[in-house]
């Protein structure tokens, strides 16, 4: 990953929008041992209105060469009525949409599996 | 006083605190990198970046021009130094496969030393080493022991096949009720102690003595080998062991770097210091364990074994190192464990590949063998629908059959199981672990949706490798006692155990005893500490010496106290009349002074030499029980509970024994679930940092419940001791594999270690086994024209 | 290649050391080679094993990941600071009593890790203790006795920090 900062530039501020008061979140991380870098991380932030998922945001880390939003899973969830089958489908959509890294700890197929279960787990935590 | 004293009458068998500890907790240890001499040069090794190739040329000009550099050597600079030889048995067929100290015309593994840089600062030495240019013409690599290739002109990569057999295996296979066949694999892993290797050589020119500091494990043997290699007389070379940060079998063997610092110290007449870094350690220090077994068992309707036929392929890596074929010998001799097997045949294919060379690692050949044998037992149980415990019971060698001669050899020794109540220990282990309750609780956890399972393994270990050991004990006129041994300490508590035996036998105070080890200048003979021999052999020799010394002491005391010998006893350093504990006493210090003044003696004080000989090793044994849980999201395996039952014959210090068992367990768990030396298809090592090679942390290691028993003392030494160093690691791979199968309700799933979450995921997904590299059956190539090595014809 | 050596002042265990370092020298190497304090050990040089753990302004850090130049002006504490004369720190005594060391190579790192953690909060639960201990590697003990020793020392340190009130 390369910085977008040019040689004559200096980072002056970072603005992060605050989450809404009713925002829910869930986090999943899997690593081989305590304290190791995660082989997959899934972070979910969303709101619920009338039993439907609003504004889902799903971030994946440790999967590809950079952390990224997963639009495939977000698309499955946005505006839909909550059900476990929906969450499972979101996980599957996420797994199908990524091109995971391969390393000695995890071949691509295993990371994809972790993405599927990780997104699912993070969603369940967010909605519990 | 930091270590409180203990009553000498009862000290053998007590969990006393270690004499070694005070300097270590203060940070006052002297590990190899803590040793420095004025004017020393630092040696940095240039290692082959390529796994296989012809060495075309090495350009050292840039390196020589670097600041602080004194010299850069390649093989031409040490042309008269021979390759590193075997430590014990010479095996002719293996001789051409030994490792040269620096690569000459070929490199055979990434990490192989090709040049060395000497500089006045370690950072500068490393800078210069980066400037050495090595030109290599790459050759094809051989990365699996499934295949055989060419090692050199007219030589294949399979120098020998180790064979043992007895009984008619083919008839048994033909007539069996069932034949069970398995293809099993243990992944490449090793000891990986927390201290990397190091060596510091210094030449005392005035006295013509070459010193090597940072020695470990087998200092006397290494001294002999170095003397031969450097063409020096034995008295002109001495090795010094100070503190050692773990050995586990891999530290202390003679490596190229040890030889190089010695040669350099002699040539430059300056001390030479070499300390490897962790990356070097992971690619250059002995690997171990990697084997594939094709095993068959013939069984009857009741599940009794009629024959075992095993063919295995041992991935030795690029060269044969100091152990020769010992690992294969141990596999072949110890594979049958505690079971009665009427007919047996084993063929161990010794195969070289372009990986880091391998050798012994804690319970060598037995961690692998137990995995294979216990998987087989579980498979037999599953095939015949017999309970896993019952199948063992039906095949165990009964207590009444001891001593039981196996008609096999291991480490050049006939395998004669000296004593053991295997069924008794199994019973005690299951009882202690609460097997019935464990099963019930696991049932409850399963109903709650958890993937949990139970497994266990049984095994026989070996200890007390001879043939002999000798010590000298001296009581100094000030009362301090010194035991000089030819042993070695790798952190296991050697000094404390020897002190306990001396104190308990002589009747003195253990905290006044200093135990000397690893110093070839203090005692001519030593076999070191390995093969779990120290407590048995050095301990027994200590007892002999203490008994002789006790007699000398009582001799003098009886005269001084005007009392018959039989009435005297020694307690906590005081000689007294047995029936008058409050009567007159004589301190050992006084006796020592008296002795010294009475006649001409070369040394102050009173001393005695004691020797212990043994014809055979002895055989402790154990049972491991594991409970595992599989995480359904990640397929990570968590070991929730672990029990170890182990019979040591007689325990000198139960606290230290338990420490050995738990420490061994942690390593065994690492090998079962986390640790592996991996290579890519081009031969590039991938496990080169602690982020790749995963040593378990406190989080991964569960509490281990230990049952230590003394039901089967060894008749082979007066104290009945069997060693414990390898009993914690031996059965772990097998027990965890068994438990994972149980958690999956799928016997036979685990056929390869380590069981990583990714591999378990693959196996469950594809409904196949976790097998060697996930490979399906690979055609096995067999070599032709390769000399076999029947065990019966050669010695150690 | 080499940079010019520069003079750096290090405060280690309340003593001042003036050392000559290149910016790239690690704190672990300098403590060991120039300050004569070899109790801090180097196990991996890449920040995983924790054998080099020391306290920097009270925080446990891996000295192999700190450059010596970075530590100027900070209070460095190493294992040599734990005992005074014959008197051992409760952690050191607990390690001996509970057989929490075998080869002793990882021991200074664990002692400093625990000193840092327990000086901040001696009330750590077993779970929190285990979490702290998972930072460092030990290859000999299997951790069981290190956990016991840490627990015992924490209990003792808690008592010293908040002694039982006297009866009047």
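Just so it is clear, A, B and C label the chains in written order, and each chain counts residues from 1 on its own.
As a convention for this text, a residue touches a chain if its C-beta (ideal position, glycine included) is under 8 Å from a C-beta of that chain, and two chains touch if they have at least 3 such contacts.
None of these values were measured; they are calculated from a predicted model.
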Distance-maximising chain from subunit B - centres being C-alpha averages: A
Pair joined by the larger number of C-beta contacts - B-C, A-C: B-C
Separation of subunit A from subunit B, taking each centre as the mean of its C-alpha atoms, in whole Å: 46
Centre-of-Cα separation between subunit C and subunit B, whole angstrom: 30
Gap in Å, rounded to a whole number, between the CA centres of subunit C and subunit A: 37
Subunit C residues counted as touching two or more neighbouring chains: 131, 134-135
Of all residues in subunit A, the ones touching two or more other chains: 33-35
Where subunit B touches two or more other chains, by residue: 691, 697-699
In the complex with subunit A, residue positions of subunit C that touch it: 131, 134-135
Subunit A residues within the subunit B interface of the complex: 28, 30, 32-37, 104-107, 109-110, 113-114, 117-118, 120-121
Touching residues (chain side subunit C, partner subunit B) in the complex: 1-2, 22, 24-25, 32-33, 37-46, 48-49, 51, 78-80, 82-83, 86, 88, 92, 95-97, 99, 101-108, 111, 130-131, 133-147
Of subunit B, residues touching subunit A in the complex: 632-634, 636, 674, 678, 686-687, 691-692, 694, 696-700, 756-758, 761-762
Interface residues, subunit A side, partner subunit C - complex: 33-35
